[in-house]
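The chains carry the letters A, B, C, D and E, assigned in the order they are written, with residues numbered from 1 in each.
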Amino acid sequence: MPETAIAEAPAKAATGGNILQVRNLEAWYGESHILHGINFDVNAGEVVTLLGRNGAGKTTTLKSIMGIIGKRSGSVKFNNQDIIRATSDKIARMGIAFCPEERGIFSSLDVRENLLLPPVVRAGGLPLEQIFDLFPNLKERLNSQGTKLSGGEQQMLAIARILRTGASFLMLDEPTEGLAPVIIQQIGHTIARLKKEGFTILLVEQNFRFASTVADRYYVVEHGKIIDGFSNAELAANMDKLHTYLGV
Amino acid sequence: MTTLTDDTLPTTPRAMRDEMIVFAVMALLLASVPFTGVYPFFVMQALCFALLACAFNLLVGYGGLLSFGHAMFLGTAGYCSAHALKVWALPPELGILVGVAAAFVLSIVTGYISIRRQGIYFSMITLALSQLLYFIYLQAPFTHGEDGIQGIPQGRMFGVFDLSKPTVLYYVVLAGFLGGFLLIFRIINSPFGEVLKSIRENEQRAISLGYRTDQYKFLAFILSGTLAGFAGSLKVFVAQNASLTDVHWTMSGEVVLMTLVGGLGTIFGPVVGAFAIIAMQQYLAGFGQWVTVIQGSIFVVCVLTFRRGVIGEIAHYFRRSL
Amino acid sequence: MQALYAQLLVGLINGSFYALLSLGLAVIFGMLNIINFAHGALYMMGAFVAYFLLNLGGINYWWALLLAPIIVGIFGMILERTMLQWLTGLDHLYGLLLTFGIALIVQGVFQNYFGSSGLPYAIPDQLRGGMNLGFMFLPIYRGWVVVFSLIVCLATWFLIEKTRLGAYLRAATENPTLVRAFGINVPRMITLTYGLGVGLAALAGVLSAPINQVRPLMGADLIIVVFAVVVIGGMGSIMGSIITGFALGVIEGLTKYFYPEASNTVVFVLMVLVLLVKPTGLTGRAA
Amino acid sequence: QDKNIKIGVLTDNSGLYADLGGPGSTVAAQMAIEDSGLAAKGWKLDLISADHQNKPDIGSTIARQWIDVEKVDIFMDVLNSGVALAVNNVVKEKNSIMINTGAATSDLTNAQCSPNTIHWVYDTYMLANSTGQALVKAGGDTWYFLTADYAFGHALERDTAAVVVKSGGKVIGNVRHPLNTADFSSFLLQAQASKAKIIGMANAGGDTTNTIKQAAEFGIVSGGQKLAGLLLFITDVHALGLKVAQGLNFTETFYWDMNDGTRAFSKRFSERMKNKAMPSMVQAGVYSGLLHYFKALEAMGGNPHDGAKVVAKMKEMPTDDALFGQGTIRADGRKLHPAYLFEVKKPEESKGPWDYYKLIGTTPGEQAFRPLSESACPLVKK
Amino acid sequence: MADEFILETEGLTKEFAGFFAVRDVALKVRRGSIHALIGPNGAGKTTCFNLLTKFLKPSAGKILYKGQDITAMAPADVARMGLVRSFQISAVFPHLTALENVRVALQRQHGSSFDFWRSKSVLNHFNDRARELLNDVGLSEFANTPAVEMPYGRKRALEIATTLALDPEMMLLDEPMAGMGHEDIDKIAALIKRISAKYTILMVEHNLSVVANLSDIITVLTRGQVLAQGHYSELTKDERVKEAYLGAGHA
């Protein structure tokens, strides 16, 4: 697919093309070598989940794609463009958005400012009305301080604010951690709706039960490597293996 | 906020032994100074500042409290000792006692006010208190303002040691320094020191274990302030004057610099730092107007390139605590 | 009573300098988490640049008001790029020591070339003379300083608290990596912010050149007081430092009238009292 | 007896007083060495200098080290009263010599006088005396003092007030300001309100220059009041510029444009200075004091390296040089020479750079300085 | 009565500038039980803990511990009475070794902690007890490892060992399993079960299987107030709990 076509219709590019290609990705925190050659692909319009134990390197993988880790090597192609050397602000402007594990709600900003913080990087983001449709809670709390929201609302806010930007490729890191079951369900619904809207989503999850309700495909990360991958259809056949990988 | 001493290494019995060896070497080197032709007054002055820096380091390196007003203890003890020696004509040992007692009282008062504040606010409140004292001393008649207390008699320590003899004075100052240093060393490696370290590491946790942390910080503050006062009293015999320089905030800044250059939170760092800075001041005096520029550059280089300080870098290299 | 009014007004004038300087410090602390000890030296540079513009380039006061902050601001940005940016994430102490070193270097160099007693800078002709207000003789220049700095302070406050840029800045203080991952060039923004804070200092320098001697050490004595203002106002709080700056000027003015001996200490007494009652300053966020 | 002399210039090279003494003092000392012609007569002269950073303990440590290690024979300049008093003690203890040309405190020749110290150029007593007396005589009979709030300021105010009263004037008020005040408007308003004819500035350095500058702004001088500086130097006038400094009255004991001798020296001096500055009285004192010291040594036929002995010899010999004219050194170490009351010219009166002063009165040395009868110096036999 | 319930609150309330994080909570914790506090995010669980351990001052209400009113006490003093907490974010002394971590707690128990003139070698006689405690939580081989270098799950275990060293009567655990992998969760759960034989435990946890397996009784908080209380099996049937916490789809 030629690049111009993607630029014109970013959000609707859900035609199944290969949007992200990670090859041989290695990453370091200071001296410690964390990723040892990660390889995987994400196709436009699907939800892909990275599974793995604590410290396997899932978060690190997302951060390396986003360009917010000290040192990395290998190749990360987004829409056929190699972004391994780009700084994170450039990467964001190409249309990748990242919702971190710790949510990153700013306490010195109110909810509205938090929501409007990320600049619009391309046309095609969700308009505010649609966002409030997805997360009615946020509309009521627009003027309260960001970190005064409850944990679940903070998580919604964190997702909501990257939908506005026009980025069509979302990376969500453990969106359910520390949340009450009722809120986890809500987030599941949201992800399903986003998929329908044409977003591509790369998800990191510990909560396998939750992941299985939203994902199209899975990759398993261990010791900084992808050790397995299968689609939702193959899930049942792979349950045993998953038990050994994750100790579920 | 990151802590100042991120990479403090745990103290093991082996580390204790290393430290004792280094201490013995240091004591021997210092004791042999009068036989080497090194100018003793320089060393004496450096020893006083080294003790001051060690006392300061006790508070910041092990208590996590960065005081930006430690000059107030140095200066207060200095003025009080000087006054006691000159006006009341007390013998040296009592003169020192008066100075140390004054610093002790001052540290109780200022500690009581400042100890409950955290981080930068603690630094600022100590700075404010020391500035207050500075202006009081500037105006108080007994300090003689800008002129300072001059021509302080040195006298005879315990009626025996004639302090006007440089060699005698040197050993008295050295004994004072080593005594103070050993006390600090002991404090750091005492049950109290252990608690202090754990408070620095995680105060909330220490509280939840039932420690009334303010009391420990208060005691650390008093110990540090009193020892800094001891350094101030010793210095009176070396410089034979007591002046506003010793209470000015730039002196507090210099103490921070010494400790930083030597290595924050290391036992020997402040000593090395004090010697380095004092030597620099002495030998740069000839560079005329470039002194401040050179001094400033050292600050910059130090912060940008070897933040752990001399001893800190060495210790880090050998993975030992020194 | 009349004398009292006069003192109040005079206090306000001093307050303008405190406000401008502490505002710059607060911006830098709030956004970069650096306690900028070089602030006094940069203030001094502002005054010197105005002097050079006039004496070497024949550029007058009005242009200096614009140019000096830009020139010194650029100098500040170079400092940030080459040194300060390496301190991100470290304890405050290191930023403080580094900028202290920079201040020593800058002051030393200026002293070496321009001596220490200073250089004269005349009041611009348009602002010469004074008005008789009945209760006092108000030099027009001083009136101008109050009005102008008030405007600058409020404009800065608006820029930082009320605009998009301000939101970026505040967010970047909390979590620069994340803000950058949203597509904002944070390092450049921080550099510009430091430039802004420094520019404010330089602006105060230009304003003070006609009143005080243009001396290499003119900022060194002021800096500690300005620190106190920032601490009293609450570290990093923009409005806090503006209000405290002006208020402190007035309080100091009153002290000079009623008990002049204490006018240098009153700020520290105040600081101790404020911190005892309110540990994070008047409007400060928790440390 | 050998013929080696080592001279140490201990001064403020980097601080507030660096223009007053500083590198210029070293230049003056160098010129004195050259002009003495001693080198040609087989003497060996060495000069070192250092920055005491205005810290008494640094000053005294350097002094001690210079005497013990560098074998320095004589200390020159030593401005800053605190440092001077500290060095005074060291010099006395070690039997060295100090010719102090920079410090203001009159204690150096009073309670703290020493057989090893000569105070050459000026002191607070003289400044108060000369300025106070002359101004009252010229009609300035009501005074308001603006005083730096510490020992030095208090002493200056006390001494001047005494002179004012003795000469028939009246002190109608005072205000004390803290050291290193940046803004004097509050105090100036009070001084203005007092309606005194003379506002006496009992302060120094940056405090004085800021007072003057801001007084101009508040229209104090144009309103008919006069400012009297009690410790002010030509370097300050230069820094202020004539526009601001015009009309100021104060006392100095040396001005470059007094006569051919001073002009010749000053021209040579200024050529050697980086910023082409004319000599201050402190720097002039270094030159003149050193020449007298050399004369004494020559008369003794060598250097005995015995401070008290050399100083005694210097006191015996009358002084005479191109800069301060003829004079004597008293038993208490006070060098006597005339004091001049100057008024700063208006900008239009000035013919060029550094043309700043009009002489408006001269007090002979014997009357200008503290009389021995009032001295608390133990060296003075009563 | 006082014997049956080790901790009781009456009308416990905490207000943050008009917002009630905890409102009128009456909690009774039975001696020797494992009592769980659950509720949606922002329900006020952590705030409750902070009130009980005095890290926050209640706006209103009363706290009785062992029949004694502790409402006005300082946090350190509450800890000294045997009511000890853990933190939501793991709290250890990072640059002390595991052994030293535990020893700091033992030292408080046995005095001498102000002795600045004695050598710390006097502390060595605590070593045996410290090792015993580390052994209890399965950390024997980590005794000389600085806490920073330990994996996350082990830090939590260390925290519990340190707490045990105080020989408390009651422990408050705030999300002890947060962010842990499955194996670690099982280990810590087993540990908690084991120590509950001796101590009373009040804990906050979002992991339902843990709550279901461990707790004797559960209190559900929402919007700062107690919504329901009972056994897991009862609560899963409660419509209000389903709506507020478990979610519609919960089996």
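A few notes on this one:
Convention: a residue touches a chain if its C-beta (ideal position, glycine included) is under 8 Å from a C-beta of that chain, and two chains touch if they have at least 3 such contacts.
Which chain is which protein? Per UniProt: A, E = ATP-binding cassette domain-containing protein; B, C = Branched-chain amino acid ABC transporter permease.
Remember, predicted model here, so these are calculated numbers, not experimental data.
Note on connectivity: the fewest steps through touching chains from subunit C to subunit E is 2. Under the contact definition stated at the top, the chains bordering both subunit B and subunit D are C.
Taking each chain's centre as the mean of its C-alpha atoms, the one that lies farthest from the centre of subunit C is E. Each chain gets a centre from the mean of its Cα atoms; the one farthest from the centre of subunit A is D. More inter-chain C-beta contacts link the pair B-E than the other of A-C and B-E. Subunit B and subunit E have Cα centroids lying 42 Å from one another. Spacing of subunit C relative to subunit D, judged by their CA centroids, is 36 angstrom. For this pair, subunit D with subunit E, the centres built from the Cα atoms lie 74 Å apart. Chain centres here are Cα averages; for subunit A and subunit E they lie 33 Å apart.
Along subunit C, residues 108, 111-112, 261, 264-265 each make contact with two or more other chains. Pairs of chains meeting the touch criterion are A-C, A-E, B-C, B-D, B-E, C-D. On the subunit E side of its complex with subunit B, the touching residues are 53, 55, 74-77, 79-80, 84-87, 91-97, 100-101, 103-105, 107-108, 112-120, 122-123, 144, 146, 162-163, 166. Subunit A contributes residues 66-68, 87-89, 91-93, 97-98, 100, 104, 106-109, 113, 116-119, 121, 162, 165 to its touches with subunit C in the complex.
The touching residues of subunit C, counted against subunit D in their complex, run 3, 6-7, 10-11, 13-14, 108, 111-112, 115-120, 122-123, 130, 136-137, 139, 141-142, 211-213, 215, 217-218, 221-222, 253, 256-257, 260-261, 263-265.
Of all the residues in subunit E, the ones that touch subunit A in their complex are 19, 38-43, 151-153, 175, 178-184, 206, 208, 243-250. For subunit B in complex with subunit C, the touching residues are 1-4, 66, 113, 116-121, 124-125, 127-129, 131-132, 135-136, 139, 249, 253, 256-257, 260, 289-293, 295-300, 302-304, 307.
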